[in-house]
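Consider the two complexes below, in which chain A is the common component and chain B and chain C are the respective partners.
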Partner chain A sequence: MTAYIIRRIIQLPITVFGVTVLIFLMLQVLSPAERAALYIKDIPKNENQIDRVIKRYGLDKPIHIQYINWMFGTTDQETGQRVGGVLRGDLGYSRTGREPVIDLLLRRFPATLELAIWSFVPILGIGIWLGILAAVNHNKWFDQLARLFSIVGYSFPTFVFGLLALMLLYAKTGWFPPGRLSDWANQIVLAPAFVQYTHLNTVDALLNGRFDIFLDALRHIFLPIITLSYLSWALLLRITRSSMLESLRQDYIVTARSKGLSRRDVINKHARPNALIPVATVGGLTVVGLLNGVVITETIFNYPGLGSAVAVAAVSLDVLTVLGFVLFNASLLIGANLVVDVLYALLDPRVRLG
Partner chain B sequence: MENAISTINLSRRDGAFVLPEPSGLERLLGPEWARILRGLLTNPLSVLGSLIVLLFLAIAFLAPTLAPPVRLNADPYNIPRDGFGPTPKAPGAEWSRGAPPLPFWYEPITGKSEWVHLMGTTSGQFDIFYGIIWGTRTALLVGILVVASSLFIGLIVGSLSAFYGGFIDDVLMRITEIFMAFPFLLAALTLSAILVPLIGRGIWPSVIALVAFGWMTYARVLRGDILTTKERDFVLAARTVGAQDNRILIRHVLPNAIFSTMVLASLDVGAVVLSFAALSFLGVGTDIGYADWGQVISFARDYILSLDTYWYIIVFPGIALVLFGLGWNLIGDGLRDILDPRMRGKDS
Partner chain C sequence: MTRRYRSFILLAVLLILAMALAACPAVQQPQVIEVEVTRIVEGQSQVVVVTATPEPVAEISTAAPRPDTYTDVVFGDIDTMDPNLAYDTASGGLIMNVMETLIWFDHKNATNFVPILATEVPSVENGGISEDGLTYTFSIRQGVTFHNGNDLTPSDFAYTFQRGLLQSDPNGPQWLLLEPILGYTSGDVTEEIGEGAYAGDPEALKTNATPEELAAVCEKVQAAVAADDAAGTLTFNLAQPWGPFLATLAQTWGAAIDQQWAAENGAWDGSCDTWADHYAPGAENDELSSIINGTGPYMLESWTPGEGWVLVANENYWRAADDPMWEGGPTGAPAIKRVVRKLVNEWGTRFAILQAGDAEVVSVPVANRPQVDEFVGEFCDWRTDECTPSDTPDAPLRKWGNLPSTSRTDIFLNFNVGTDESGNNSYIGSGQLDGNGVPADFFSDIHVRKAFNYCFDYDAYISDALNGEGVRNNGPIILDMLGYNPDGEMYEFDLDKCAEEMALAWDGQLPDIGFRVQVAFNTGNVTRQTVAAILQNNFLAVNSKYQIDIIGLPWPTLLRSFRAAQLPVAISGWIEDIHDPHNWVQPFTVGTFAGRQNLPADLKAQFQALVNAGVAAADPAEREAIYFELQKLHHDTVIQVTMAQATGVRYEQRWVQNYFYNPALFDNYFYAFGLAQ
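And now, the complex of A and B:
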């Protein structure tokens, strides 16, 4: 077991290295002048300035030196200071955010995190529950209905679903507005009397004892949660269902049944724990789905998180912001995969011992 | 469900076991295809899916008749516009200027002699009906292009990896994993954002981006299939008669390994089109006014507060997209059951 985890942790930096190389290569598609223009904050871009930046950041050097500079930073010949360097947290300057990329990412992160936390629980809970119910009622009407729900679910593009939800539940009825907070709530949150412990509005509101703000935050986050969840439900339902069906066919189920256990106990104690092993992998995939879905979902609902920032950046060809976000996400993702692998090993003795 | 045993059903005749005569279908298509076709035709959901896909094929084929272009020599993929006003027009509003020629079916069905905006207009007065009809061609073209190219790359990577093994296998599979470490949509978004200034707007930036981050699954699945096929007796037989690597790979291993991957890949057309529409929706794909469903829906973003009035901007292209995805997924769902070896001969 320990050896397995250690092996996985040793592989981690190799994958991260590969990801940075790939991102760096994507950046190389642009010419030195274009890349220099990405670093210049002021709008008037004259030739001299661009040449200076090319020199300053070594954008005309051989590609492997550029990569090392990009990763570790280089010494600025004009001021003698260290500049740049992804590992030093310098991801460049965000043209659309008008601040360094890393600041933009950190400032927007709590909103996305709040959305992800709120979505994760209903996704896993309801998705797995539906999948198990469908498998237990194999080929009965509930199963057919769940199957149809699942197929329709992953045929429904996120942006169509989100816009339809807005049409019905906001434009028509005014129940669930877009954005993150209403104006009045926003003023209270930004006032000094309101302490922002975590920058997660729902949590902060409870910690400050402001139940009205908690409800307002919930009202705004509700539609994004549903939009993020339904696609994952479709996927989870499908995987849980087939895994549970597989597990219900095993000999040990017959054994458990024939020694007189009730149907309920057989399902809950024998079939379900084994069926949930592959679902752990899907839990990791769900994180991927959230990160993917967040770009479109946040854009539609005008939710000020990482996703909407990166969508604006991509459309305005603000490459540094997009790449910074991809790097940020890839690191999160690799971390999540590691956790899933370890979890997998803990759950399944065949992996642990094999 | 049709099970594998019954297709090679042995029957006893004159005291000896003989293979049954192949049916007409099997003689025409071969046993594998016949089994797939029979499985599809007996599952009502896949029949529904096939009908939907056929409907879209018909629409794409008949596009010039269903929605005739305004001028014959102009690019038909640019949606004709009825002025430049910002306020969308409701379905049924008449063309105020530059109406396209009337197709022959129009008068008998509607009883009107004036061409109207059948599904309304977006802001900027792009005709939604035209966008949806010609958008079907865009969707099919993009879907087939992306799937075929991804499959081709996956084929090369997967077969090199599996056939040579060892160091090559390790390197190629690590590269595949690195590509998989990116969230798909984001990676495609990034790459197409980078490509737009280089090769201009249009379908190509998104197509290239979707291929660049879409080949990995095929490579991995094919690698697995080739690894098992490689161990089979006919490969050993070919080797003993002195066939060379290339010949063994191309003539013996690939045709036997590629089958299920190809069938499943063809059904990714639906998913690919949904991703392509998402990229267009975010604004990194085609030019404004290009006949493409995601592009048409993206007009709704400016009217979120009054979507109940301008519902047609989202509902019509939305239905097109959902139906398209649903059609392919319904076939796919049925096929997965037919092709899944674990499901063969079981009652699901």
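And now, the complex of A and C:
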């Protein structure tokens, strides 16, 4: 197991290197003038503007030079020392985020993490619970209802569901506003007296003894959670249901029943653990998806997480931001895969990592 | 269902209820009024106190729910808070509420100025402008302090302009000042070092320029903008007379920076030995990009990139009660104590916020205006401030219509398209007059250009693409601006004339052979796509062989191809930098667009003479005559299809007070606004 984990950790920089090289190569399709468009949002007011932007940001330099500068930094003309570079922890400046990429990622990640944490429990808990209930009530009214619920959820576009939720539960009632905090709560959170231990508003509010801010943060995060959950339940319900049905048909279940075990014990102790193995994979990927930021949900609810920031960067050809996100994302994905693999081994003793 | 599950569900329901209750506004209790009534009891009067409970007062929809806070919800974040570097409207909107300039606009009037940090607007009559138009002298107001408590001095202003000119960032606005002050047309202060070879490249400049060359540039700038703290004056020594100079100074790039504060924060210290270290920094390296310290009515409380900013009132604002900004204008501390700007990219979300009453104003795309119109209770005229109720007078919003924008979309015809490195151009098909393309110089024939003008349905454009909110212009200069000739000729939509002109073009071959040409716009811009579609349909109506292919290009590609003059027909737009005709005639006839259209040198020379004369003239009447002539030439030579200036709309909650519109302003000036209590 240890060797396996070490091997996967070693794979991380190789994967990241490959992905970043790929992005740099893809960028060569665009001319320097096209990449200068990130800096020039309107028709240039001065004839020389594009040339100077290209020169200012070295967009006409050979690709390997640009890559080396990004990875290892550049030489300071006065001191002769290398400055910047990913290996020195400098991911560059995010033109679309208006701050260094590392600051953007670190500032936006807590919001995404908070949403992921709050969504994770209902998504997995309710999704699996509904799936199991549907399977044990196979072809009964609950199963039919759950399948209908699942199909509707699966076919509901996120932006439609999100906007409907926003119109009904905010525009008409004022209950669940978009954003992350109300202005009054934001004022308190930004004040020096409020200690931001984790930058997760709900957690920090409780640690600071501000239940009013906790409630306000929950009001803001409620609709994104519901939107993400409803659309994810569909997938988890279907996978859990089919996996559970398969488990329930196995010989060992018949054996367990014939031994006279109660229905609850058969389901909980014998069928469910085996049925959860494929669910672990989907669950892991769902968590990674949540941690990467959920673009549409974040955009509709104006939730300032990673997803909305990177979406803006990508459409604006903000290469440095996208690369920074790729580094972050690749690390997260590899880490999550590692956890899922280890979890697999723990859930299924037949699986041995080596 | 187990007890555990039931408890969980109960807990969840309670939590949701708690959140909903927290969201509910406090219920207005009926007001209890005590009145004294007199009752006559057998010859003696007795005063009895009775308590009357009146009918509950209906909630007044025009009272602001948060009377101290103004919230607007828009999209587009600021680039920088450095006034020397800021060149986008979002940044300008923040800066203009926090920092102040020498002079500013007189309320709604975009061409008259009032003094702000200067004591008067200079003119030839008051001696502030020299007879030759080369020297501008401003007396600086005394007793003004920055938000950090430092005194404003003329030296701060000199530092501000010197820093900006020496910064010369390629993405900044300094080219607007370099031309009048130093006479540099390249847009860069290093124009005279190595023939401008290091322009925009700070590392190359520092490596290759000699200390003497660098010092010479700095000294030239310091000589051009000089302060006399003892006399309390700031003097500009221009390289050439410049008609739009006051209009240029009135914008945010002329806002005063506190030199001491700037140097303490790592910005240029004012020394000629160090300016190159701060040359062309970009927002990412600029020391003043994320901090701001002004003399204005508001102070920055916070800025969260991508999320918005918050301003709080400067309670020590210097403007005295007897010194209104303009006649009847605001004085003293700001009425609105807190301004919150939230960035929300998605329209549906902004609309929900507006409906919930959580924002005073949200930005509404043209296409979504009919959706919001249903919530309008009154329509107001920005020129007269008169309002009339709508069909739903109880509706919560107020609409200000016909706000003339300072931008316009036009059709640009290329006189001789350029080719790529391989000598090809994919936008002109076969490159021959064979019905499958056009020759590179297709639009060099004036009849083709006239046909394009006649074949465009201007009314359809205004009604379909601009939602009926637009007004036609008859030349590069926009309506109501100095030099706009209301009697100027313009081409009208006329398919017969379009057909006639096409028949006259290219020795009469076109009706038989036809043509195929691509019309480009930037993807996602529905207005421009509609323009192309109008043109396409009308040419097809004239002759089925007149083929226009509509091509949407990603912005980077459009920028590259347009710049390389490869697009035969491009639909593009211009947003003014300063509210002056020079900022329109220059790009349209000799600058940006003229280059992208490959205008012939002789034609360009004709325009150039008029552009130069117009900008150098100081007398408005003289300038007007020159611009009339220029616009006549523009009409006769048909170098573009001039369309319509969009008129904007503002929807606001009806509790907002004192809104005013000035086309030259980047944003709202919150100091003048109020909220109904």
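Operating definition for what follows: the second predicted complex is superposed on the first by the 273 of 354 C-alpha atoms of A that agree within 3 Å, B and C clash if a C-alpha of one lies under 4 Å from a C-alpha of the other, contacts with A are read in each partner's own complex, and residues count from 1 in each chain.
Everything that follows uses one rule, which is that contacts are C-beta pairs under 8 Å (C-beta built on N, C-alpha and C of every residue); 3 or more make two chains touch, one makes a residue touch a chain.
What you see is a predicted model; the values in this text were computed from it and never measured.
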- prompt: After superposition on the shared chain, which partner residues are touched by A:Asn268: those of chain B (first), chain C (second), both, or neither?
  reply: neither
Message: In the overlaid three-chain picture, which partner chain does A:Thr255 touch, first (chain B) or second (chain C), both, or neither?
response: neither
Message: After the superposition on A, what does A:Val326 contact: first (chain B), second (chain C), both or neither?
response: first
Query: Which of the two partners, first being chain B and second being chain C, lies in contact with A:Ala309: first, second, both, or neither?
result: second
Task: Check whether A:Leu166 is in contact with chain B, with chain C, with both or with neither, and answer first, second, both or neither.
output: both
- request: Please work out whether A:Leu30 is in contact with chain B alone, chain C alone, both, or neither, and reply first, second, both or neither.
  value: both
Query: Now for A:Leu245: first (chain B), second (chain C), both, or neither, which partner does it touch?
result: first
First (chain B), second (chain C), both or neither touched by A:Asn48: second
Message: Just checking: does A:Thr198 make contact with chain B only, chain C only, both, or neither of them? Give me first, second, both or neither.
response: neither
Field: chain A residues contacted in one complex by chain B, in the other by chain C
entry: 30, 34, 163, 166-167, 170-172, 178, 299-300, 302, 317
Message: For the complex, give me every residue of chain B touching chain A.
response: 45, 174-175, 177-179, 181-187, 189-191, 193-198, 270, 274, 277-278, 281-284, 294, 297, 300-301, 304-309, 311, 314-315, 318, 321-322, 325-326, 329-330, 333, 342, 346, 348
Message: Which residues of chain A touch chain C once you look at their complex with the stated criterion?
response: 30-31, 33-53, 55-57, 77-78, 93, 95, 97-100, 104, 107-108, 163, 166-167, 170-179, 183, 187, 190, 212, 215-216, 218-219, 222, 299-302, 304, 308-309, 312, 317
- line: Seen from chain C, its contact residues with chain A in the complex are 15-16, 18-20, 22-25, 69, 71, 77-80, 88, 170-171, 175, 186-188, 199-204, 206-207, 280, 282-284, 290, 302, 304-307, 310, 340, 342, 344-346, 348-349, 351-353, 355-358, 555-557, 559-560, 562-564, 572-575, 577, 587, 591-593, 595
Task: Spell out the part of chain A that touches chain B in their complex, as residue ranges.
output: 14-15, 18-19, 21-22, 26-27, 29-30, 34, 138-139, 147, 151-152, 154-160, 163-164, 166-167, 170-172, 178, 245-246, 249, 288, 291-292, 295-296, 299-300, 302, 310-311, 314-315, 317, 319, 322-323, 325-326, 329-330, 333-334, 337
